[in-house]
Amino acid sequence: MIPSIPQSRYAKGLYGAYVALFFVYLAAPLVVVGVFAFNNSLFPSMPWEGATLNWFLGDKDPYIGIFHDEALLRSVGTSAFVACWVTVLSISVGTCNAFLFERGKFPGKNLLYMVAISPLVIPGVILGISILVFSNAVANGVENVFGWEWDFLRPGLFLVILGQFAFITTITTLIISARLRKFDITLEEAALNLGATRFDAIRTITIPFLKPALIGAAIVSFLMSFENFNTTLMLVGSDAPLTIAMFDRLKQGSTPVLNALSLLLMVVSGVLALLSVFAQRDRREKGAP
Amino acid sequence: MADQFDLECRDVVKNFGQFTAVDQVSLTIPQGSFFSILGPSGCGKTTLLRMLAGFLEPSGGDILIKGKSVLGVAPNRRPVNMVFQHLALFPMMNVADNVAYGLRRRGVDRATIKSRVSETLARVGLPDAGPKQINQLSGGQKQRIAIARCLVLEPAVLLLDEPLGALDLKLREHMKVELKQLQHEIGTTFVYITHDQSEALVMSDQVAVMNAGRFEQVGTPQELYYRPQTPFVAGFVGESNRWQGRIETIADGRATIRLQSGGVIYAAADQFGMSGQTVGQEVDVFVRPEAISLERQGQGTTNEPGLNHMQGRVENLLFNGAASSVQLKELATGHDMNVALPQTGAFADIRPGDILDLGWKADQTKCFPAVATKAASQTDEAIA
Amino acid sequence: MSTPNPTGSVAGNGLKLGVLLMATPLLLWLVLLVLLPHIDLLMVSLRERISYGKYEFSFVNYIEFFTEPLYWNTYVRTATMSILATALTLLIGFPVAYYIAKVMRGRAKNVLFLLCLIPFWVSELVRTFGWMILLRESGVVSHFLQWAGLVDGPVEMLYNDVTIMVGLVYTSMLFMVVPLVSVLDSLDDSLIEAGYDLGGNAFTVTRDIVIPHAMPGIASGCIVVFMLTLGNYLTPTLLGGKSSLWFTDQIYTQFITRFNWETGSAFGFLLLVLSSFIVWLGLKLSRQTLSDTVG
């Protein structure tokens, strides 16, 4: 059970093997996706036709590599654009919420908190259609009453950003609240006592304390937005973000250019992950609590 | 007149709803002194300190710093600084930035900040600590940085909220002496709150004993120890043996007190305005463990009049070096007593069950009119 | 020292205006993006299109759902498969979480935990794509089986329920293992040692000490996994193909293919009711509250 309790070697070995098998299960699809990015075949499937870099660099039809596949590249740009907006919005609102829920005292706080975490238990597809239906109703209303065409309320990137923001804000709120809860309020009092204004105290003491959580929440929200499919699917217009573009290609059956793209995404997020881990480790050694 | 005092409180009151945390406290602290507020937890001392720092607004009364009322002045504009209970050093900054924090907020220029910081670090004996991170410091060093962070702002008054509480015993003993020395050198007025009487007694020029929101007594440590004015002070400061009884007679400057448990104790009659009228008064009786002298049974006790005399059976020997004592059960009444052992080691061989003669002079007996039961039980808690 | 109102400080009073200011984005977010849209969804589901731009209040969309066996069956099937997937994820993930939290030590523990997080860093689409490459007729597993001589010809392993389950469990695993590891990490080793010391064995210690302690993590893991599975669209569609019969696919069809928003809204609302009900039931059974589980 735990190392201090003796166990038979057989049981230990069996347990270890199970865990190892689990990690094989975890890794298998990812490894396969990566390996087939180099398969010199028109389809991401067996048999293995020898290695090639065509799916990265190729520019002759049908061997169009990811660096020359403009539709996919544009969708990467669209996703990054959406993800940046969602990150900025959800971090700002999430920070406000964290202060409000951790520090504020007002009637109905518990009820409001329940509503604020409810997007976590609303399936993404439903969040998508409800925002679609509502924004459409608003757009129709505005058009009927004022005769204005509010196109941004029709399916498109604006709605995609709102839809993703609606549930990612819950996550940033939870992450930042958790860190703020650990904040020793006397640090702020000490700052006031040393002559800082309230604003200064928050700017020089509280925000630096929250920094690891802010960075972590930013990475998480960027990734969640970048990878989001369910909510986006319902709200997307003519500019397809990456997940939607890839989904369409997958359904049609695609060349291994998708593998190449996936591998690149994995490498980028892997680097991001390592960076965030190292950033935190460095901080720990410096000794922030 | 008022500006002789660095800090003055006039009838300060703080209510939290129905509860009165601080009840009409007045105090004056002369410039450059080390003033302690001593009391059990929950007595209102932290509330008082937070009002001084500006984190709480009093419900009534006035607070003056250097003769000027600071009511309504925000904490960041008061000329007082505070060393927090857990120090509240900023973990995201190094030592130098912590010390420089207040100067930065004042908009002092960089060069001045730099020189003032290194000057102050040198003053607290840590000239090279500037680039260190907070978690690289030892407990005692953190303490000094927390003080340096305040001193660099040259406050009129430095408030200290039990800053030694988190340290281990040995370091605490050491820091007591160091703090007193530091205060002596820099001459800033210190207001120190603590529930630890030894901290208050060792360091302070003046101590206020606080209980249930009120000051029981303000005085030098010696006054508090040897001339407590209230039963609470007698019970809270130092150890005491306690009895309850009634004044039976007063004669020859001596009161005879009949104890509830039987037996008699003599006390000097010059206490709390004793007179013929106070005969029959219920009193609480306190005797310090070190005031009682011990003799082995039947060895040379003179039955001198007015000398209290009892016999006790040894229950337990509490050996603690120079502070050793013995727990006894008084033979006549069964009352539990605690008596300090002489440091000579003369009684090192006593065993549980031995009978000892106990004696003390009448003027070592402190008595106070009996207080209402509720207050008395509070006192007991405080001692426990 | 205990003062009855430690935060009732002077500084607190200055926060009143701040509370109002800070509550604005929160309220905008919750009202405009969460509350009103779902109320509107309910309203739309309760109307019937008479002619262009003319609607009437009606239960026809819900009646359609209950009278058309395809919808009704898909609904029940999605719920059962989701519960099954949640249970499987818990059964498979718990020993792994326990291994990481209690058996591993130091550096290896951190590395293993990070490995568990890897799937999160890769989008669900890529993960599902990986399973497709593995399991399709011309896929890796099929080739391996032929090479090993276990089968004669290519085997199609996509487009069946087992494959959907494999994919769902895979996608959800992270959301089960992470809360479990953190809750098991907080279990003091000495409690387990005490359990053994007092005569327990692996089974009774797990039942009486480990699982009760891990309950908040189990509850939060199961709720998130169930919710994600129920609302999943990608995995059933890609791995199950036409035979997936997943309820989100019905919603998608109503909304995007048939442009029948009224029925789609009714379906969406029914799915929301189902997910809320099962989450509520799970919380009641495990005696947890929603704020405890996610906070």
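Labels A, B and C are assigned to the chains in the order they are written; within every chain, residues are numbered from 1.
Going forward, a contact is a pair of C-beta atoms (placed from the backbone, for glycine too) under 8 Å apart; a residue touches a chain by one contact, two chains touch by 3 or more.
For reference, the UniProt names are A = ABC transporter permease; B = Spermidine/putrescine ABC transporter ATP-binding protein.
Keep in mind the model is a prediction, meaning the values are calculated, not measured.
A.B. asks: Between A-C and A-B, name the chain pair that shares the greater number of C-beta pairs in contact.
C.D. replies: Answer to which pair has more contacts is A-C.
A.B. asks: Among all chains, whose Cα centre is located farthest from the one for chain A (ABC transporter permease)?
C.D. replies: B
A.B. asks: Can you compute the centre-to-centre distance for chain B and chain C, using the mean CA position of each chain? Integer Å is fine.
C.D. replies: Comparing mean C-alpha positions, chain C is 59 Å from chain B.
A.B. asks: At what distance in angstrom does the C-alpha mean of chain C lie from that of chain A (ABC transporter permease)?
C.D. replies: 16
A.B. asks: Between chain A (ABC transporter permease) and chain B, what is the gap in Å from one C-alpha centre to the other?
C.D. replies: Computed from C-alpha means, the inter-chain centre distance equals 57 Å.
A.B. asks: What are the residue numbers in chain A (ABC transporter permease) that touch two or more other chains?
C.D. replies: Residues 189, 192.
A.B. asks: Among the residues of chain C, pick out those that touch two or more other chains and give their numbers.
C.D. replies: In chain C, 9, 11 touch at least two other chains.
A.B. asks: Could you pull out the residues of chain B that touch at least 2 other chains?
C.D. replies: 54-55, 74-75
A.B. asks: Which of the residues in chain B end up touching chain A (ABC transporter permease) in this complex?
C.D. replies: Contact set of chain B toward chain A (ABC transporter permease): 53-55, 74-77, 80-82, 84-86, 88-92, 101-102, 105-106, 133-136, 149-150, 153.
A.B. asks: Residue numbers of chain A (ABC transporter permease) touching chain C in their complex, please.
C.D. replies: Chain A (ABC transporter permease) reaches chain C through residues 1-5, 15, 18-19, 22-23, 25-33, 36, 43-47, 92-93, 96-97, 99-100, 103-106, 110, 112-127, 129-135, 137, 162-163, 165-166, 169, 174, 177-178, 185, 188-189, 192, 198, 223, 226-227, 229-230, 233-234, 243, 246-247, 250-251, 258-259, 262, 265-266, 269-270, 272-273, 277.
A.B. asks: How about chain C: which of its residues touch chain A (ABC transporter permease) in the complex?
C.D. replies: 7, 9, 11-12, 14-15, 19, 22-23, 25-26, 29-30, 33-38, 40-41, 44, 92, 95-96, 99, 102-103, 105, 112, 114-134, 136, 138-140, 142-143, 170, 173, 189, 192-193, 196, 202, 205-206, 223-224, 227-228, 230-234, 238, 248, 251-252, 255-256, 261, 264-265, 268-269, 271-272, 275-276, 279, 290-291, 294-295
A.B. asks: Which residues of chain A (ABC transporter permease) touch chain B in their complex?
C.D. replies: 184, 186-187, 189-197, 200, 204-205, 208-209, 211, 286-289
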